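Which chain is which? They are A, B, C and D, in the order written, and residues in each are numbered from 1.
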Amino acid sequence: MMDGVMIVLRSVWRRAEGRFSLTVLCLWVAVSVVSLFWTPQPITNTDGYHVWASGSLRHPLGTDGAGADVLSWLMAGSYVDLLIVVATVAFSAILGVALVSAMVARSVMLSSVSVVVVDALISIPTVVLALIVAVPLGASIAVVIVACSIGYGLNLARVARPQALLAARSEYVVSAAASGVTGLRILATHILPAIVPTMAVQLSLSAGTSILAESGLTYLGIGVPSGVPSWGHSLSTSASFVNVYPFAALWPGLVITVVVTALNVFGDMLRDAVDPVVNPRLRRDRTRAGRRS
Amino acid sequence: MRFVVRRLMLFVVALFGMSILVFAALRVLPGDVASVMAGMNATPQQIARLRAQLGLDRSLGRQYVDWLASLLHGDLGTSVLTGRSVGSQVGSRSSVTFPLILAAMAVAMALGIPLGCEAVLARSPHVRALLHAASIVAGSIPALWGGLLLIMLFSRGSGLVGILPSQGFPQDGWHDVLSCLASLALPALTLGIIVGSGLMRYTRSSLGGLVSSGFIDMAMACGMTRRRAVIRVGLRLAAPQLVSVIGLTFAQMITGAMVVENLFALPGLGAGLIADVGNRDLIAVQSQLFMLVAFFLAMGFLVDILHRALDPRLGKEGER
Amino acid sequence: MNDSRHEGAGEVRPPTADFGGCADSSVVLEGVSISKGYGSRGSRRQVLSRVDIRAMRGRCLGLIGGSGSGKSTLMRIVLGLESPDGGVVRFRGEVLAGRSCDGARRRLRMQSGLVFQNPHGSLDPRWPVWRSVAEPLTVGAARGDRSRIVRRVEEALASVGLDPEEFMGRYPCELSGGQAQRVAIARATVNDPALLVADEPMSALDVVARERIMDTFASIRAHRPELAMILISHDLGIVRTIADDLLVLHHGEVQETGVAADVLDAPRSPYTRRLIEAASL
Amino acid sequence: MSLEIHGLSMSIGSRAIIRDVDASVADGERVGLVGASGSGKSMLARTVLGLAPVDAHVRGSALLDGRQTVGASDEELADVRGRFAGMIFQNPAASLNPLTAVVDQVMLPLRIHYDLSRSERRDRAMAMLDTVGISNRLARSFPSELSGGQQQRVAIATALVTSPRLIVADEPTTALDSITQRQILDLLVSLVDDSGASLLFITHDFSVLMRTVTRCYVLDEGRIVDESAIGEMGGPASAEQTRRLVDAARRLRLPSGRGGASAPARKGGRDE
């Protein structure tokens, strides 16, 4: 499995857009890890005298409303956003796969119920889900994660369903069933691999959208609480003074846009890189596995 | 027809389910609703009076049934803070939010669908690549930042071009239509571009898949150019899915709409709801939240019906 | 594998004692007065009415019918993939009706191989050839160890005229229509089935590939004298080269049945005559 | 001369698909184009009509009724298609517009090329449908409600309704069962002869050609390897690929002695 992942990454790296997205994503992860130990300025200390200062040696990207260093807050924020993205992708993948498996299950009851659940809840916007969670529990990272995971899990199920149904009704599944392979094994070996390309794309897009949702929900006050650094938080605080200090909002917005673009581009590239039918390099690897096993 | 009835039942069941969820969400509050609403320094008597006033002393089941009954009569309850009925608040706020959403949707469709087609049909590969890259970047801009950029560019006062208001909404509502539209212009543009990019990407991928299909070959064999065939036949074939995606982006747009309303200080549903949540006006929040959920479930219902109507093949299956 | 072309028709086997004989061990699979209808009360569509079908050990039954004749439904019922409204299905004497006797249905499944019309549709595009062919071997008690499976897969590929060394690692998208269909045949016969059912195996292929598949079936049957086979098609020209007996189906009713040579020389039903005329030069 | 092809080559990326092909179809002549799958036979016909993929690179010349199609603009090619040349595809279920009634499909070429009133278009389409054996009762139905044979009849009506000079039939009967195949072939031949148009019939099955064309080209790996009258095909003089195709076709057919090969039926009965 690991060599499969390496081959996919090498295939993505081969193209210019792939290089751009992989570099940005690796940079993001690196900065997140570094920010756990060191940031140019400790994010806690504020400097009342140099509020909204423009770029200087001590504060390369200037300071925000409270005089804190914008660069340090952005670096610290990258860790929180990475956490949100990883959690959202993981939970929505689990929810998505569970729903898709239910939808193609042989038992009519299970499949029709899952279809009903998805069709009914899919039209509820993320922010409403976030509100339903935020009102009782108050603003927190969990609100963003829960709201995004449910929303994107349902969306993943809805988008991957046609491929799953196509595979479930295909002749190679009928042949497997006719030769006695159990339903569960068919699901794991035929149906789920068929939706992997769609899932890879959807999860990358959801990762990008969850960062945008984080910035939106935090601005609305139900996302990341005020004390916790995040890109959305940096963008929100600088937004309210845009008429006076327009350039303060430039950096957080730029960082978010670049990272989300990288995630979307990565998603586009994954569509072909992950599918052995489209990516010949994946096929060559499996044949060696064939020989070995 | 059978499909419509089944889908209607699904709508009612989902509505009922969500009403329980919304009701329960507000009841799982750490501590008691009344004490939270009355604020930190409220005396026990004030809390007790508030509890009685809101009928919180009744059993949960009783409260739920009363709330549901009042909803059915169109009474959304009265807000404790402002004393005005929630219904009237929702009415005035939606007169701002819905025009904003419709305008944004119009911008999204006007930008998204034609550019999506062009991203597939443009003769030179560079144009196609550029359009695709633009749609990805436009889709990656946070609504907040997009709004800020437009404010920097166009807003009266500090903007470079300074032709459009960047804050607020005329107090007397839609009497002065022109200034209302002007104040909605920037927010609608912000939202429209972001949603439009998603629509554009979807149009591009669904048309891209159809370009070499047998249906396009047939249309070309009858005498159409590839471009005309893809637009005339391709779009028509992709229409059912496109409608579903439009319905879905309409729902996802609300997150952005709330952000934009707050940024541009528009007294809309989003800004109002967030304000109510802010000052813990839970009864108002509960009803408004439910109204929003009901609206989007109805949206989903309508979109499914339209999707089914647009594609006779699906329709036929249901009947036969 | 003898790639040599059979000159003229494949050798047509002499008929067994009497076609209508009682249920003896030579009958692998039997369907007695099978009926099936679809649709609700108002628009009831009778797809099969009282069809008798029998697959004999070592013989190939050609099931002929146009589109809408019900031949695919008959196959699904006979293989236990669908239950009939009326009639009974027996596999080696064991009745297959209803859910109760899953045992018989599972035995039928384990001892029958399936080949479909669309070669690339019947192979998982994400699986290399060796894994598709090995799938039936990895089921139930006959799981066996890795090396036995690899050996059996290589034998199966060789028996359909594909060099294992070259094709084991290939993917369906790297195969021609004819090669993909032969992989499907290898998969269907890798488990030494008692019954091989092929549903329009050649209609999606061009003439040259069809001839190759015809030779493959002939060599499979040469190596497995005990194998019972049902070949479903709408084209008499294809079927007559392999089938020993014929069953002509039209609108769910049996038009004619009997030994292939007799039916072709003296067709009794007008529909059979139209089929013969449509399949002649 | 309705079709003249000189030195036509077509490649997609680095892969050459058609290599320096010369061929011609005289007015009113029925010519076959035969080859195994992947030989480029249907791509040759599509390239001539401008239906090749967008990224195809075409060289050489192809005169359709005297009009050069290689290098012609999309608009010029579109004007030719449907008016001078009609095309019938292999799988009608994947080409007829699934969202419009069949009569509207037949009216489409009329609407594009001729300015007739809606009722005139409708009458001509209904008449054409009747000619191919589709009764007016079925005219309002959708393709998905018709059988394979009926769908192909609608496709033939759509190709012939503007009485074009050349009909290109790309394996029109491969997806149909044998009896329907025979009916559709007979119908196509009789209608093409009635209208005096010429026919380019593409298939992999020689026995189908026996009943439909007078002369045929054999294509292998994008190159014309043989050309002669249909009767002499497969003789000792013909190319090795031709003999392979003829032998394979003959082996898959009953010897003609059985049931007798009847002459093509006048209009083909209205089938199921």
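The rule is short, and it goes like this: contacts are C-beta pairs under 8 Å (C-beta built on N, C-alpha and C of every residue); 3 or more make two chains touch, one makes a residue touch a chain.
Since the model is a prediction, treat every value here as computed from it, not as a measurement.
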| item | value |
| --- | --- |
| Fewest hops from chain B to chain C - one hop per pair of touching chains | 2 |
| Distance-to-centre winner among chains (Cα means, whole assembly as reference) | A |
| Best-connected chain pair, where connection means C-beta pairs in contact | A-B |
| Chain located farthest away, centre of chain C as origin (C-alpha) | B |
| Distance between the centres, which are taken as Cα means, of chain D and chain A, whole angstrom | 51 |
| Distance from the mean Cα position of chain C to that of chain A, given in whole angstrom | 48 |
| Rounded Å distance between chain C and chain D, as computed from the means of their C-alpha atoms | 33 |
| Listing of all chain pairs that touch each other, if any do | A-B, A-C, B-D, C-D |
| In the complex with chain A, residue positions of chain C that touch it | 79, 81, 106, 109-110, 112-114, 116, 118, 121-126, 128, 130-132, 135-136, 138-140, 146, 168-171, 173-174, 184, 187-188, 191 |
| Contacting residues of chain A [partner chain B, same complex] | 116, 119-128, 131-136, 155, 208, 211-213, 215-217, 219-222, 232, 235-236, 239, 242-243, 246, 249, 252-253, 256-258, 260-261, 263-265, 268 |
| Touch list for chain B against partner chain D, complex | 211-215, 217-228, 233, 236-237, 311-313, 316 |
| Contact set on chain D toward chain C in their complex | 36-38, 147-148, 174, 176-182, 204-207, 210, 244-245, 247-262, 272 |
| List of chain A residues in touch with chain C within their complex | 170-172, 174-181, 190, 193-194, 275-277, 283, 286-288, 290-291, 293 |
